[in-house]
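Right, I'll just put the structure down here and ask away after.
Naming follows writing order (A, B, C, D and E), and every chain is counted from residue 1.
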Amino acid sequence: MIRIGVFVCWCGSNIAGTVDVGKVAEESAKMPGVVHVEQNKYTCSDPGQDSIRKAIKEHRLDRVVVAACSPRMHEMTFRKCAASAGLNQYLVEMANIREHCSWVHSDMSVATPKAVDIVRRAVAKVKRSVPLFPSTIPVEKRALVIGGGIAGIQAALDIAEAGYEVTIVEREPTIGGRMAQLDKTFPTLDCSSCILTPKMVDAASHPGIRILTCSEVEDISGYVGNFQVRLRKRARSIDEARCTACGICISKCPTSRDSEFNMGLGTRKAIYMPFPQAVPNKPTIDREICRHFTEGKCGICQKVCPSGAVDFSQEDQVLNEKFGAVVAATGATQFSVEAYGEYGYGRYPDVITGLELERLISSTGPTDGKIRRPSDGRIPRTVVFIKCVGSRDENKGYPYCSKACCMYTAKHAILLKEKIPGASAYVFYMDVRAGGKDYEEFYQRSQEIGTRYVRGRVSRIYPLDGKLIVQGEDTLLGQRVEVEADLVVLAAAMVPQIDAPEMARKLGISYNQYGFFSEAHPKLRPVETNTAGVFLAGTCQGPKDIPETVAQASAAAVKVISLFAKSELTTNPNVASVDESLCSGCLWCMNVCPYKAIEEKIITERAGKETVTRSVASVNTGLCQGCGACTVACRDGAMNLLGFTNEQILAEVEALCL
Amino acid sequence: MSLDWQPKIVGFTCNWCSYAGADLAGTSRMSYPASVRIIRVPCSGRINPVFVIRAFQRGADGVLVAGCHPGDCHYSTGNMYARRRFQVARRFMEYLGMDPARLEIHWISASEGQKFQEVIRNMTDRIRAMGPNRKMREIL
Amino acid sequence: MNDLREQLREAVASAFSQGRVRSFVCLEKGFYPFASIPAILHSGSEADRVQLGLSDAPLLAKYLLDAPKPAGIVVRQCDALGVSRLIRDRRVKREDLYIVSVSCPGVVDTAKIPVSPYQITALENAGDALLVHTALGRTELPWASVLLDRCLSCVSGSASPDADVVLEGEKEKLPAPVDYSGIDKVEHMTPDERYAMWEKEFAKCIRCFACRNACPACSCRKCSLDLAEPEWLSPAVTLPEQFMFHFTRAYHVAGRCVGCGECERACPVGLPLMKLNRKFTRDIETLFGVDDARIPRDVEVLGTFLPDDPEEFC
Amino acid sequence: MGYAYYPGCSLHGTAKEYDMSSRACLDFLGIEYRELPDWSCCGASSAHSVDHTLAVSLPARNLILAEQMNLPLMTPCTACYSRLRGAHHALRSDPGLARKVLTALGSEYKGRYEPLSILDVLYQYGPEAVGEKVTKKLKELKVACYYGCLLLRPPEYADFDDPENPGKMERLVETTGARAVDWPHRTECCGASLSLSDTKLVVSLATFIVDMAARHGAECIVTACPMCQANLDMRQRGRTKLPVYYVTELLGLAFGLEPKRLGLTTHMVNAMGLLRAKQLA
Amino acid sequence: MLHIPKHKLLSLLEHASGSWQVFCPSRQGPTVNFGWFEGMVDPDLIPVNSCKGAFLPQTEELFTYRGTPETGLSLAAGVDEQKPVLVFFARPCDARAFTLLDRVFLEGEYADDRYKNRRARSVVVTVGCKSPLDTCFCTAFGIGPDSKAGSDVFVYDDGTSLYFEPLTEEGAGFVSSHSAYLTEGGTPVSVMEELRRAELPLAGRISVEGMAEALDSMFDDPVWEKMSARCRGCGACTYLCPTCHCFSVFDAPRGVRGKRYRSWDSCQFSDFMLMAGGHNPRPTRKERVRQRFMHKFNYSVKRQGDYLCVGCGRCIRACSVGLHAASALFDLKEAGRCKGC
């Protein structure tokens, strides 16, 4: 037997001023299921709440309607109150007769009947409410940081500093990421490795941080607080414990190939360290080219190693571990500029990308910091920079702005003049975007030292008599320009890692049309994702420069920390639930679920004489956030949303229309 | 139709934007006709077009469907589904003879109390001019 | 034609003999010799019952739901669409099916033949004409004039490729484009005229659910419209409920309707149900396009979205 | 199988030799083709500057004719290629327009086959296969392959090859033993459409293109476009004059076909001289 | 005999509708359907639906209520139209079907008073079947184009005029009350002859001889499996059948008010027999199809002494997969014979 109690609030004169509360109470008493009605001056006050507790006991109420303010204001208050009287808190419904009624109407004769309708709605709904029970889930207080770039390093350090264990997974042989490849950083021109390498060392030496290089995430299951992660640690062929990083093996190794770290401008050995300050500071054997593995011959490194650290027999390790939170810091990569046939990258050696120039400028680079053009090693006198290569271009690249290019091109121009006095620099640009502290000043400086900024696109580059003829248009002067350049530098856009979508699927998060991971809310939840417990840091979420990346990394860390600060999580019980007897198993719901909370489940049941198995949808209440999109996608009405069931909503509609 | 006649408008609003928008209209005392009655759902993606027909059946003169602006959905994509569903469902209801002005879909954010007020005002005026809805309506 | 039937018979028989199927969904001669009816065969010995179904052939796809698996089925294009619908709705698994696909010149609607079924001794497909043989002699009717409505907007008369066996007849009908003129007409009416029109139509509806039960896109284990709680649809057959019924039916197949028109064929009181289904089909096409590369094939149009979908709300 | 062959207007006039050499090559390679019966003008290059529906309907008519033959439509002329593909693309992407055109032409276009350029056809036949048929190697002949605009732009539908850095024509030409020089102006516009309205400009463009070809060591230019051919052939005023051949002419030559049969004798810039000098004809 | 030129018929009905609720066939787009008179009538074509709706509406209100258990309930019986029912242009099969429905709703322990009210003061005007359809086989049940059973007035249609032959007091009453529209004289002999001689090709193929007895032993016959395999489980056959009469009762609560209705229901629907506990005595098509035909050709014979089928052929025309009374009788006969040998 349903026994509903209705508590009509005066809210002083806020409600009683425009709504005839007495009348509302009187009408409420006539509603089906209502057995008790009372009025309070301030229902949210202690005496008000006491009267609810009392009434629940005295009148054996099993449902409560509070006709007062907005549920966004006091729903929690009254739920707690009911709970303290032993009533399941989800059997409380609020009728918003203040914000939606008394405050927007002045005429009591219209406000009162409306208030009655609003109460009727609440009564009709609560009548069909059922007790709900939030479940609590434990939190594994270990964080997984995917990606060992500056974002990952920063996040890891912050989390570890708060006293929680962190594991960094990096697929390269060293952490450091893109930043390690840079020479100087804008706008202060302090050297990149000088500020990065100390952080790398901090991370490596921090007791709370474990670094897994040459490692990748293979699979992630579970949900916030309880992620099951399968990691693969590729064989390094080096016993890291024994290796002293003396480097003899490297110097003796006979095989070499283009160095990834130097963007193919230099070479590295088959046993190698990407760069001298690598962390961990241990070499790795590239089994693809190492003769021992390709031809079964060689083994020099093993012979020369004084500490016997070379171990050809080493095998990949698969680690299954549990984490409570994941920070995705997988970074971005460089747009493949071959798409611009007119620039001739790949065909003309002296057309290079910004990152390649960084290596040419860097003292750890292939030219020991001397800018020489790849074709003939000559010092370039005239250099043309082309911006927005792959960015702000729907046709050949992406429509978005790559954000960092304007500044690093300005930086390149400045560094060029420093390194090659008298050299001249042209920058072909569409706009200069120098938003950021000290950025505009920095860009101005690059102009002051004589960099020529040409507003327009380049239409074609072709070699002629040892030079590169750069044809373009100066849209400000409205005329064609032709520059005879020695070197052309393309400011290639930052684009998502090729395997970003795959990683997103593993993480169960969404990504935008380009492949950048999507944050939960563009403004208000910038580092969270749709999957609780998974956070974003750095360029995997969108193009960023270093300051922004670091800031976001720390933000993500804070989210992890505040999650770990709780001993256990209570889940919202207003989640989707499936009536398996109705479900036809079309799994349309699976497609619309933004949280990957619905999976297929095979059930066995008796059908007449035989037992049959069929598949139905099943909701992972840990992942479901209760949006209800699935309920509308469900044709057979098998999918329902607890707290907002079809039965309840249909009843509300009816109640309002009576 | 006499001007004192009060149309009955059922408003489905998502909890995070539009319901909050209506709250804001209240806290800022922006008055509007007492025509609308709100049903709170978590997300516009929860609103089944069939609910709209049911409202007309039971005697609603108009129905308002409101959610977060596309891109701002609390659940990131719910309103995107709502948009598709209602673009076709609304066309179909009109195809069955429903008067276009009786169903309105709006994106109202938590900060747009004023927009909520305007929407209700305009909608009420339009429906007043048309008079009570008889189509699809059951007689009791 | 006949040798096609012979091939078909053999295909069915061998499917059983090779143990490929436990049952076979096909057409057979009905009570009226020229009205084919569905049959579910359970052994190769029954293969002789198989008919091509030159006339009045009902669609077979839905019989796969209950046919013992692995199940064979004979499909023309219209049925092939129904089968793939069921597969996409995960009501049957492709690997449980053995699909024999036949080309089809269109199916004769005996109701369109101005001769009593008793007088018909034979029907013959003579290229562009149907020859109706009776005791009194032979009548020749233009082919297009005697076809089922669904054939007039058929997507293709040829056998569907992704079948296990493909049997091509001599003649392939050139597909006609879907005719939306009926819908245009309704769209050009005023809301009141439209309402009046549908009121009149729905008043005829006896809620027998023939349309739903015939529809390959309506394959829910239990239709939500049959539920008592929540009561989406009241058993009361009143106009408001008729609107609810026909809205929900059409909305639930929106973007999923395969356009076979079996609902219309099954409707005993002749409601223009395709006028409802096609309205959705066309709106969806024009609003969201049929195939956007960004949307995976197996995702339903209303089960997905694109950030740059047309925006008409504000 | 085979193709429906659409010569288009140019090939019946200024570009006769292109028609001759195309048919000659197709015959020689044994590629089946039937001239599209009752074909009509594709509307290039005026229709699309006047009326979109018209610009689609004109080519659509020919596309439909071909579809009724159940054959893919193929044309040597790049302007026709551009229009046909434009229409094909428009009809498939815009149901509204398709309905309009349907009512205009009375029959529907399903778009079962993509309209092709003769280069596509030769390419589908395969450069290797073509090479095997070569009887007379055009050794030492240095050619600049010139694509112009219509084969490559707009890339949405005129997508014969990479719009900025194409290479298919080179691969075809090199099967004849000739050497295709690498030069950056393969996709430059020759300005043909302004040939009459702004001759001065066009002369400078044409001359520039030919000079660049020469400076990169080319002895002649090869193209697949009647407009480009006529324009470069007529308007070049450079120091060195380069003959401008159609791909099919060179291929024909390499197949050992009669220069006359290929129309090689009808060029502005003497086309035979170079060939004789190299004992290729 | 009293007669009226066909074109004057409408005016007669207009007048009749003053004192009667008229239920008659009228053209609805492509088809002709029975329905309450709205200024249109079509005497020529055989309607798609039967006219059982005149006495057993598809949905009817039983009563309305008000109040809540807490405040107490008040009932108000659904009001009946005061006017008596006039069924116009029933077919002989339809008229006969009324007599079968009467046995169900009027005879026996309980009479259904709502049916009774409508029926009691009603008049059934039947028109002779001049052009039966290929799907008609009423003669198999001893009915014919000129059968009078269940009719109060019989009408002969000679193409230009309609001749009225009263059969009962009520019938005579109706005719006389409309004599103003009718003129005396003539008997449509040729039409009567025509009706008597009318041949129903289908009836030739079907005989119900001993069907009831045969079915006694066929409850578990495999034929049911075979027949039902193609059934789509819709209710077209039962809803259009003039003799099917199952209904279900349900409430439509609206806040403190509500109505109790009853609506037709169909034994072919999967959840027709579904019980609260979830048990379904007729879980598959086989049981449901068997029930339908056993009821028509066996149970009813035992209970009321007659087949519950009048050979109107509506199920034949309605079923999209050719599963109907005729095919059933045919298949069952076959199966029965096989048992014999």
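We adopt the following convention: a residue touches a chain if its C-beta (ideal position, glycine included) is under 8 Å from a C-beta of that chain, and two chains touch if they have at least 3 such contacts.
Since the model is a prediction, treat every value here as computed from it, not as a measurement.
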Minimum number of chain-to-chain touching steps separating chain B from chain D: 2
Shared interface partners, meaning chains that touch chain B and chain E: A, C
Selected interface, C-E versus A-C, where C-beta contact pairs are more numerous: C-E
Chain nearest the overall C-alpha centroid of the shown protein atoms: C
Centre-of-Cα separation between chain C and chain B, whole angstrom: 37
Whole-Å gap between the CA centroids of chain D and chain E: 76
Computed distance of Cα centres, chain D from chain C, in Å: 47
Whole-Å gap between the CA centroids of chain A and chain E: 68
Set of chain E residues in contact with two or more other chains: 254
Residues of chain D touching at least two other chains: none
Of all residues in chain C, the ones touching two or more other chains: 232, 238, 302-304, 307
Touching chain combinations (by label order): A-B, A-C, A-D, A-E, B-C, B-E, C-D, C-E
Contacting residues of chain B [partner chain E, same complex]: 58, 140
Residue ranges of chain C in contact with chain B within the complex: 186-187, 191-199, 232, 238-241, 243-244, 246-248, 250-251, 254-255, 276, 279-280, 283-284, 287-288, 301-305, 307, 309-314
Complex contact set, residues of chain C against chain E: 30-32, 35, 37-40, 58, 62-63, 116-118, 200-201, 203-204, 206-210, 212-214, 226, 234-238, 262, 265-266, 268-270
In the complex with chain B, residue positions of chain E that touch it: 254, 257, 259
Complex interface listing, chain A residues touching chain B: 70-73, 96, 98-101, 103-107, 110-111, 113-114, 117-118, 121, 510, 518, 520-523, 530, 574, 592, 594, 625-629, 631-633, 641, 644, 646, 649-650, 652-654, 656-658
